[in-house]
Amino acid sequence: MLTDVPEHPFSGLPVCSDLTRIDAAALILGVPIATLYPQVGAFAATSPAAIRAAMAGGQLGHHDFEIDGSLLEDMFEKVVDGGDLVPSTTDFAANRAEITTAIKQVLSARSVPIVLGGDDSVPIPVLQAYEGRGPLTILQLDAHIDWRDEVGGERQGLSSNMRRASEMDWIDRIIQVGMRHVGSARRKEYEDALDWGVSIVTARQIFREGIESVLELIPQNSQVYIAFDCDSLDCSIMPAVMGPTPGGLTYWDVVELIHETANKANLVGFNLVEFAPDRDTTGHAAHLAGRITLNAAAAAARKRD
Amino acid sequence: MLTDVPEHPFSGLPVCSDLTRIDAAALILGVPIATLYPQVGAFAATSPAAIRAAMAGGQLGHHDFEIDGSLLEDMFEKVVDGGDLVPSTTDFAANRAEITTAIKQVLSARSVPIVLGGDDSVPIPVLQAYEGRGPLTILQLDAHIDWRDEVGGERQGLSSNMRRASEMDWIDRIIQVGMRHVGSARRKEYEDALDWGVSIVTARQIFREGIESVLELIPQNSQVYIAFDCDSLDCSIMPAVMGPTPGGLTYWDVVELIHETANKANLVGFNLVEFAPDRDTTGHAAHLAGRITLNAAAAAARKRD
Amino acid sequence: MLTDVPEHPFSGLPVCSDLTRIDAAALILGVPIATLYPQVGAFAATSPAAIRAAMAGGQLGHHDFEIDGSLLEDMFEKVVDGGDLVPSTTDFAANRAEITTAIKQVLSARSVPIVLGGDDSVPIPVLQAYEGRGPLTILQLDAHIDWRDEVGGERQGLSSNMRRASEMDWIDRIIQVGMRHVGSARRKEYEDALDWGVSIVTARQIFREGIESVLELIPQNSQVYIAFDCDSLDCSIMPAVMGPTPGGLTYWDVVELIHETANKANLVGFNLVEFAPDRDTTGHAAHLAGRITLNAAAAAARKRD
Amino acid sequence: MLTDVPEHPFSGLPVCSDLTRIDAAALILGVPIATLYPQVGAFAATSPAAIRAAMAGGQLGHHDFEIDGSLLEDMFEKVVDGGDLVPSTTDFAANRAEITTAIKQVLSARSVPIVLGGDDSVPIPVLQAYEGRGPLTILQLDAHIDWRDEVGGERQGLSSNMRRASEMDWIDRIIQVGMRHVGSARRKEYEDALDWGVSIVTARQIFREGIESVLELIPQNSQVYIAFDCDSLDCSIMPAVMGPTPGGLTYWDVVELIHETANKANLVGFNLVEFAPDRDTTGHAAHLAGRITLNAAAAAARKRD
Amino acid sequence: MLTDVPEHPFSGLPVCSDLTRIDAAALILGVPIATLYPQVGAFAATSPAAIRAAMAGGQLGHHDFEIDGSLLEDMFEKVVDGGDLVPSTTDFAANRAEITTAIKQVLSARSVPIVLGGDDSVPIPVLQAYEGRGPLTILQLDAHIDWRDEVGGERQGLSSNMRRASEMDWIDRIIQVGMRHVGSARRKEYEDALDWGVSIVTARQIFREGIESVLELIPQNSQVYIAFDCDSLDCSIMPAVMGPTPGGLTYWDVVELIHETANKANLVGFNLVEFAPDRDTTGHAAHLAGRITLNAAAAAARKRD
Amino acid sequence: MLTDVPEHPFSGLPVCSDLTRIDAAALILGVPIATLYPQVGAFAATSPAAIRAAMAGGQLGHHDFEIDGSLLEDMFEKVVDGGDLVPSTTDFAANRAEITTAIKQVLSARSVPIVLGGDDSVPIPVLQAYEGRGPLTILQLDAHIDWRDEVGGERQGLSSNMRRASEMDWIDRIIQVGMRHVGSARRKEYEDALDWGVSIVTARQIFREGIESVLELIPQNSQVYIAFDCDSLDCSIMPAVMGPTPGGLTYWDVVELIHETANKANLVGFNLVEFAPDRDTTGHAAHLAGRITLNAAAAAARKRD
């Protein structure tokens, strides 16, 4: 499968635009659109371009104080930018099929997909690609639990991703972190999630107990997929989402969760979704989203003994 | 047909929420959604609420220097706020049917519909309701000509309204005013419009010749429907649209065009579309949109000998 | 006493507009104005309307992750929205009398008043209504101590609320939390406060010791009134105050203080004041103020054994 | 009378802080407060300081393309900055007395007062000082006619200035320019104004006929006082007012009106009011207000044969 | 000479990155830096990239209502994007030499250079390249006259461009349009300019007399170079300059001046300078700058009989 | 040496404009410019004026809850505002010489210099003045390590301050705190810093271990100079820097580090640099910078036994 060559490769990484020829431990892949709600539109479709632009000045040879090294150094396996899938704005089934195929190609190459969404419908076809590769633990960072069965008849949309994930045989554990405020979930959805067996760590619990309470829930050496929704972050640093709310995670909460998850278990996939470039009123949010993505790529590519 | 009672009636006008019992010369009707493009979403659906809120402080008994009087005075027929239609976010055919029915009810009551959209797909079912009431002249104020035959397979969407209008027998004249910049129209669409016989007055012509060049095109005593798209306005006063651009019409250009049209011909309908409340970065745009609407209502309701 | 029926009931709560017929464990009451300083004006008078509008989408039946349930569930007593008092902009003595009367009615109905100010002069007549219901502990969250005896001759204004509270027999303890920066207090006022016996926990102490240092000061099972001034919050999340300053409390500091206070003692009243809608430059502050109010209502209405 | 020495003299002009020793053809005087409405507050009290700061970089020796010269050149009489009156925030009668006294001193020195308000209550005591110096024509540039008899019992406030002016014997003509929108005037006030004999030129008329229609109303060689309210300007360039509205005057409309008035008649006074520094969201409005003031000073001080 | 291939070719134009092989009637060339003042820095160096990004969506095949056609149609000669020169941030003499060389190559190919600056020092080496190709008329659109002989010892900087131009033998006429406000020019510089023989049309004159007064000054069939400084535009549409000021030109003033100049005379060069992307607070200014550039390219490339 | 008398003395402190006559334990000194990079310009030159303006309302006699007292009380030695040095914008060697001379005068008077930069080139000549007064520990709070040997040939610029400091004999320890993100340092510079023996505490470490990990590195009773760069702060509270980034220090991190350093060791100097007033998009950042400066002055002037 061929992708669009990015104009600004993420952080100056080498480019790989043929997903049948991947030679890298981790591959960044833009997925602008999966399944849209007609009333919401493609608010996050320009997110991959905006994040790449914000990270265009990345100087890979420099020391990075967050990953304590440089992605070009020996301590890391190779990371590449795989460009963007080219989505349809109307044929969502085709989008989902293409996303699943692309991610399967990445996984076949023993590479970790680092996905730049797109809205929160993107994880559904991404997770579909892990069929036969379970069992998987999902670590979702999000303000909402996303357990709607359907919205306006659409079952594959952004409010249903964890419901759909729960139906995949190869996923046996879902840890949902960062929930806050009213409206995240109707009574029934919340109960369905608990009945299925998800672990919920609310934003308020993070404030009280720190991220250690999350890390304890992750089984040693398990395979973990991190589903990161930008609205898990506090609105003071991440206004560029559809419903910015106070009380969210800090930058370091997220960065630490990513690295410590990768230290304790195996990070087998990551997505960043729901970044809405038009709403970046401070002008700093695209860079923030890019930094989180880079930390995820580094966590996936770091050599371990 | 029953509508949603508005929380803030437009400018404090009396409310009429049963469209089968209209007793007014003009009726303001909110139409949040007609036909959405899935990739664009319902960006203008909160527009009626936002505009009503901005106009909530309207003091009808006061002298209004733009309409040179007050809507409560004898010089005007009665104007009412008809509330909002309640749209579906997924069944667009149903929306269109409901819109056409509602407008037919307004017209049957010999009332002039003053429509608060919604995106620019709203005028299509509105104009459909004028079947049998022609011939109609359309005066469109817009940055774009909107002559796409279809976009992603959708033929009823916001880029196709004037194409669809041109196919209605009861519309015999289309005057398109305010066009500017590249991208408004593919070559073929532009030629189709000219072949059909539209008159185009670009924004640049307005600068050179003033609005008189538009007024000359309006036949004396004809029936005129004004289709007003907020992006016809200059971006310095109207940032709250999807593509704000410089060189647009001024507030007074629009107000004068409305009143002079009504003086020279019969104003039989009006719509304001494409107002996107989320993009009102100055906080003044909703009031501006409301003032234009109020001027249209006054022009329709002014008693003439 | 009859109040203005709110257009957007707070979070969709049932409305009670006759304060002589309250059947609820907690009642939200808007108090736009008490005693104005002429040079400052009524900057917070539109605060109840703005907060209700921001909370209008509240979906009471949904699970709320901060109160760990829903206000409609059995774990909570009933909460209602009592609407707004209708203030005079010039007769401040009349305002104060009306506020005290209204709060007495709420207290007589064994309901907890949850007051949406208004500026920080509102708590004075509110606290007056507790006469005969003491002893009361006041937990003030504020950047300033508000111990001015008078400002420009006015003794009932926003800078004097804790001074006035200290003069009420039924208040025997004042805990002041969140003070920071210079200018909060003249030397004499600061000393008067200490002499009276207030406990001050500065914002800097909160940073060093956490909110536990505050909770320790609250006597087990005492009656506590929480006087919350929005400027206690950090300016990165709450710009909509007259003097936004860094180093303020976080959202979770406040939410935890409210719930833990209600767990340890009896929450008998709450006010949120000094929210200035015109200064909400991020557009998120009204929702934040609303969420804090909702948490206070839930803390007051939660059933305990 | 002694005034506060300004930290940033207006445009670098020489300072005169003793109003009994004025030696200048025009004197700029800051008047932060006259009569406040308690519900509105002193929103414009920092206006003189903000405007002086924005004009601090003024380079008097340079060529100014709007006044076609430099205030230091021979073609102009001397202009000085008289500093600011020091207002009370509570004793408004004292403010008014002090303002009238100060302006009388300026007029006694045969100097033209160029007043930096303050809100629109400032012109009342200023105009009082012209007693015995009539007949005067007032040229008011404003979005509102300001003919309220009282608001909340206050008869000297910002909504009553033209009503009060109409009651002064020495004022025989009032030309009101720039009115727009609803709410400017209740029916009765509008009629009272017309009955008295004011001439109204609405903003819409300015658009149609240009400023010439105003200039024709000014009697040759009469004495004209220009009362300039910042809300007469369009909100795209002047957001820093209490009610920014579209359709206002342009910068050049105002500059031309000032100079052409001074060419045709005698400019005997000027005030700029209602500038609210806190609302200057673009950061350009204080400079704009300062430039208009400088043009007024130049028009008053220009030597004529 | 080889240039940097632009990531986003201007408006989707074909690219020409080898200036020795130009086959086009007009060539757009980015010149990020010429001669910097150390205290000011390279505020406009990212301007070419920002403008290209804003124009990236340009759909060349569409009808453009401002140029009344499409750059791909027969009515226009070919226009290409020549990419950007790669400047030194410290060796300004080298920058100037490279700029002059590049422009000479463009002129040798009988192509019209359309230069995207950079600050206002860029025109100096550009105009140097016209040596031997005179006589030239310069039409400068700017708020300032730029006649400083030196600033801090630097004679080639942004305040000296018209002074330096006046010293070039091949320039025999300078028309300076758009001047406003104080500080644009010291007395001596203003007089030197007049002594040399420049024609000045102030912004105020444009308001009074329209752009016709400028067009009359341009000799029929002369060779005209348009030096466009973004600060000539009004600050309500162009905030992205170092000193945004009211009273500036409108978009249509500029567009008309460009086309009418090209109609009456020969447009032999154009530059747009002083666009500061960091100051684009509305987010619309880069597109505006791009549209003006596109109009200049079209004016240069339009076939005439 | 004489300095410019500040228009707004910092926080209302007494002024000392003759550095040969200092009678104070700490002196605040504005240093607008040291050594500029031509491509960057003097973005921080207006920083002293902006910070003084933001602190002009400082009421010294009031209780300050952060320093737990008032600078006018007995618990503090005297603090004065020494005004600003008057820099050259082109002769950087002269600037550096003047800065070093001025700081030597302050140190000779046994006063602690509290320096308001200017960009991050300011510390180089400041630290030069400590020659013969070592050994010194530098506590740098910054997002970057600033170990470039030169940039474009300039060795004294803002990226080289810690490299230059490492070459000064009298500096024997450098603690660098707050580093984050990629690009802060090329590989070689990072290694040079470690080879020299700096201690680095990254922002991520601060999140994990708190500021105690920094305090442990400061030798008891040593002489410590705090070099504070505003970009060490989180971008949610400090947008007014050239590269705002998330994950930075909080206000309290900085305030505590200053006071605890002064408690454990001797605070012998302080600078605040890189504040860019033009980028203060929230309008709160100048006050924040001023508060940090005031805390540093208080820490230096607090009497200890």
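Every chain is named by a letter (A, B, C, D, E and F) in the order it is written, and numbering of its residues begins at 1.
Here is the rule we use: a residue touches a chain if its C-beta (ideal position, glycine included) is under 8 Å from a C-beta of that chain, and two chains touch if they have at least 3 such contacts.
Bear in mind the structure is a predicted one, so any value in this text is a computation, not a measurement.
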{"item": "Each chain counted as touching subunit A and subunit B at once", "value": "C, E"}
{"item": "Subunit E and subunit D - chains in contact with each", "value": "B, F"}
{"item": "Angle of rotation relating subunit D to subunit F [CA atoms, steps of 5 degrees]", "value": "180"}
{"item": "Repeat of interface B-D, chosen from D-F, A-B or D-E - more than half of residue-number contact pairs shared", "value": "D-E"}
{"item": "Interface numbering overlap (same over half, different under half) for subunit B and subunit E", "value": "different"}
{"item": "Inter-chain centre distance, subunit E versus subunit F - centres from mean C-alpha coordinates, in Å", "value": "42"}
{"item": "Cα-centroid distance, subunit B relative to subunit C, in whole angstrom", "value": "45"}
{"item": "Multi-chain contact residues (two or more partners), subunit F", "value": "236"}
{"item": "Which chain pairs touch, all of them", "value": "A-B, A-C, A-E, A-F, B-C, B-D, B-E, C-D, C-F, D-E, D-F, E-F"}
{"item": "Complex interface listing, subunit F residues touching subunit C", "value": "11, 57-66, 68, 70, 236-237, 250-252, 255-256, 282, 284, 287-288, 291, 294"}
{"item": "Subunit E residues touching subunit F - in the complex, by the definition given at the top", "value": "33, 36-43, 45, 89-90, 152-154, 278-279"}
{"item": "Contact footprint of subunit C on subunit A as seen in their complex", "value": "179-187, 190, 200, 202-204, 207-208, 234-236, 239, 244-247, 281"}
{"item": "For the subunit B and subunit C complex, residues of the former touching the latter", "value": "7-8"}
